[in-house]
Amino acid sequence: MGPPPPYALGANRYGKAEVRVLRVDRATPRHALADLSVTSQLTGDFEAAHVAGDNAHVVATDTQKNTVYAFARDGIGAPEEFLLRLADHFTGSFAWVTGGRWTAEQYAWSRIAVGDTGHDHAFTRDGGEVRTAAVVRDGDATTVLAGLKDLVVLASTGSEFVGFPRDRFTTLPEATDRILSTSVTARWRYGGAVAYDEAYAAARTAMLEAFADTHSLSLQQTAYAMGSAVLDAVPEAVEIRFSMPNKHHFLVDLAPFGLDNPGEVFSAADQPYGLIEASVLREGAEPAGAVWASAAGFC
Amino acid sequence: MGPPPPYALGANRYGKAEVRVLRVDRATPRHALADLSVTSQLTGDFEAAHVAGDNAHVVATDTQKNTVYAFARDGIGAPEEFLLRLADHFTGSFAWVTGGRWTAEQYAWSRIAVGDTGHDHAFTRDGGEVRTAAVVRDGDATTVLAGLKDLVVLASTGSEFVGFPRDRFTTLPEATDRILSTSVTARWRYGGAVAYDEAYAAARTAMLEAFADTHSLSLQQTAYAMGSAVLDAVPEAVEIRFSMPNKHHFLVDLAPFGLDNPGEVFSAADQPYGLIEASVLREGAEPAGAVWASAAGFC
Amino acid sequence: MGPPPPYALGANRYGKAEVRVLRVDRATPRHALADLSVTSQLTGDFEAAHVAGDNAHVVATDTQKNTVYAFARDGIGAPEEFLLRLADHFTGSFAWVTGGRWTAEQYAWSRIAVGDTGHDHAFTRDGGEVRTAAVVRDGDATTVLAGLKDLVVLASTGSEFVGFPRDRFTTLPEATDRILSTSVTARWRYGGAVAYDEAYAAARTAMLEAFADTHSLSLQQTAYAMGSAVLDAVPEAVEIRFSMPNKHHFLVDLAPFGLDNPGEVFSAADQPYGLIEASVLREGAEPAGAVWASAAGFC
Amino acid sequence: MGPPPPYALGANRYGKAEVRVLRVDRATPRHALADLSVTSQLTGDFEAAHVAGDNAHVVATDTQKNTVYAFARDGIGAPEEFLLRLADHFTGSFAWVTGGRWTAEQYAWSRIAVGDTGHDHAFTRDGGEVRTAAVVRDGDATTVLAGLKDLVVLASTGSEFVGFPRDRFTTLPEATDRILSTSVTARWRYGGAVAYDEAYAAARTAMLEAFADTHSLSLQQTAYAMGSAVLDAVPEAVEIRFSMPNKHHFLVDLAPFGLDNPGEVFSAADQPYGLIEASVLREGAEPAGAVWASAAGFC
């Protein structure tokens, strides 16, 4: 192949994705579950691997997977704490690993309703909403992000959309009473250590209450209100980002069938959808663009 | 093209699938939601359409969709009742429509927790589990099926699998304490009219309690126990069918890392999976194979 | 729990689903691939397992999976042949296994275009369309079904839909030049042994040519034409079934923007969709409803 | 609610996602198709919308959708060109729109094989692989990214993985002849204008040939080789990023069944998977982290 082409290795990271681990706490006959999908990716000096096929620095993705399972033996705790343990391990064990990205999805389970307090060891999985966590480390800087996704909400009134500009391509009528529905994906960044489970619960509650109690003039305004509510409720949160599809519900025109439709029958469409993305920052918070870029996709 | 080929039209049905309808009950400021995906398919004399391209009998799928929305104007009620109204309409309005298959998925919503009784018009969608309903009509025979799908359950103990035959290809060790997990798809057939919402709730509860309380010797045995419990709890149910993947959870071997693993750390695998399908019939129930075939897929 | 409830075990089957096997033919440096997802389910005398938790008859699903891999050692051949080998093995090895259902999806790969004949051992996977096969055995009766799914086709003209009945709920205008698009799922039943790969190729070609060359008066008529073409092309095929969504493409109304739209700009909608299901039988073919029910879903 | 909380609006963008547009070129009876899913998101001064519910700047997402359809009336051309037209329109028409992100997926269709040159107006959709394009504008800076996703490749030999570090958690044996398979997602950034369709074709070919011809010491090395090949083949490309899952194929241990397995029978697992992400830059190329962050997800 001749000499290697004169191209530079740019940003890179690698690891094992979607390691599904279920941890059963059997300390008493009343079991408890921690059910996660964990992804571990390392950054550091991996140039020789890419350019020369020298794997001396390549901690195998299989090894990363094994480490997840081994660490689960001692318990999981909050997902943020589990990811921090992984980050410390990998950056502490291999001199050339200077950072990485560790993420988790956590699936919730409820006890099957038998007796007053639910069954000891039989559960149903709560569908839909998923808790997320991410730890991004770059040298000395470590950032913890908490979040959730697939939290579908709907307000059957209390939402309008008026006053928007009209151009040649505008046909949408103004709406003074519409359905507002979205599937919330949110991530918030902590400025420091926090009781992760309690902070998560507080953030989630604040977000839902803000959605419910805001008379919405747009999904943008609702997003800002939800973000502000989280920053109010969780002092350690310094920034929050939302990605929220506007799940359109169209009032069906029943007039051809001789029927009125006073806000009662809607068709739901999956596609296309509005896509509202916005962030809210505590005053004085440092920007963290690189962290967000790392938490999201690579390309 | 010359004369038509001498082939016979066989079984056929057609209609509109996945009509997403949201009905908001606004009778009082405390709104209520009915959120369904409805499929309507007609059977009858459609030979000319297939063989000769004569559409005189082809009630347009668009018309079927419109009918769903128009009927929703009067309220949805139990999904089984809504489907029966559709069945009566189509078979009653078009002489050549002698039957059909109408199915629905219903998505549940919960009020956002604000105050003592939850918000009046803001909701979160319950993920995962979906209620299903089907009406199959063939001439004078009408069958109503109720069901659910995507109900994921797990027992962290109380499950074993021993005593199975061993041949040349058997490597699975016997297990005296394993995790049992499945995603329940169930449909049950009613022998006559019933209070559909109450019967659904009773069947679901019976099924879950049987899963929780059965010391499982196999998923087959658990399925039979769950089916029996439904027949016990709902006298109008005459037959129940389950399709249940055995969602394998493997105890991770931590010995290479110097760790024991006394039933605590499991890896979950999506694929491949066991697939257990079984039905339980009330004594004396007539077989209904054609109904089940109609409710399931066409090919 | 007291005596077992007096309920009868009905139809049942069980096994391992979605066993992903890749077989590399390395007989020469020019490798060849067979890439399948195989499902094996057994029927027979499994009453004791369900009713009494006695697993003496339960050939473990893990054993069924192992058998798939072991049999692949000798080569796969046509997927129908591979499934027949599995059927013979299971019904021949266990007296109480009297039948079953074995299905496969086969994924196609093409050689990466290097040189005149493509690379010896580097491939790209052909997306979309998947070949399917099924063997259904019930005692002495064995049926072989071949098929495909996810074959998306579109005709940009040569399709109309007129002459359908109009009722109170009909708003659809007649269309004399519309787009016709569907994702073909088809299965056909063989009356006897056949050269499976050649028959598959002939059926697929016949189906596509019929779609292309039929001036369509409805998707029903197109389905019948496609089925007839397969029966013409493959003498051993005695019946064919189609399940075809009508993937609607709507002409966008550009008039509000001062533009015409002479059949050029369409929006595509995933949901809802028409669903056309039809079968075509060779004259004199015996009905095979139970086989089709078995090939399709259980509930 | 009292005074608004003192929080700052951070990064934000909004628009319409997944607008499915099919453009039929009917200039001659030999039709041609352009089939895209387009997303349009605007950035600029949208603070009042978020903070005060003032929509005077909010170009409705419905308007953005309409604009996509209206612009398609004049033809689509290369997807990059279509997105640039949209970018110019929105930033040129609304003073407060200072940038945005426009992306497209393009689905390919092939003529059904009838006669020597294929059918004039009947097509099959090529599954799997999807072409992608993105335009990111921020004030005066406009970046064009081209790419593809879901291109699944496999090498049945010519891949090894040895020499990686071993720690307490390492159990993976070294492999001197393994299967290498991945689903390529790639995006590359152009430094200036280019003939987009030709450049896309050249990049795709270079990438595939590099995959096929590289004796792989790791997927990282293969990624670097693929990226280098694209930079060689397309002078206007200044940077390329890959996200590639390592789709593991495990050699099945057939020894318990008395069989050898000389690299012939593999099981494929979807989960977990290795995830290799890497970029290659032309020497002297300016970093473009913000562009990549914008092209990828928001949070």
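All chains are identified by letter, namely A, B, C and D, in their written order; residue positions are counted from 1 within each chain.
By our rule, a residue touches a chain if its C-beta (ideal position, glycine included) is under 8 Å from a C-beta of that chain, and two chains touch if they have at least 3 such contacts.
No experiment lies behind these values; they were computed from the predicted model shown.
Shared contact partners of chain B and chain C comprise A, D. Averaging Cα atoms per chain gives one point for each, and the point farthest from that of chain D is the centre of B. In this assembly, the C-alpha centroid of chain C lies 30 Å from the C-alpha centroid of chain D. Look at where the CA atoms of chain A average out and do the same for chain D: the two points lie 22 Å apart. If each chain is reduced to the centroid of its CA atoms, chain A and chain C end up 37 Å from each other. Of all residues in chain A, those that touch two or more other chains are 19-20, 66, 70, 169, 171, 256-257, 269-271.
Taken as a contact graph, the chains are fully connected, with every chain touching every other chain. Looking at the complex, you find that chain A touches chain C at residues 168-169, 171, 256-258, 269-271. Taken in their complex, chain C has these residues touching chain B: 4-20, 39, 41, 46, 49-63, 65-67, 70, 93-94, 147, 161-165, 167, 169-172, 185-187, 216-218, 220-221, 223-224, 227-228, 231-232, 239, 241-243, 245-246, 271-283, 285, 287, 289-290, 292-293, 295-299. On the chain C side of its complex with chain D, the touching residues are 19-26, 31, 33, 35, 66, 69-70, 72-73, 109, 112-114, 119, 121-129, 150-158, 179, 205, 208-209, 211-213, 249, 252, 254, 256-257, 259, 261-270.
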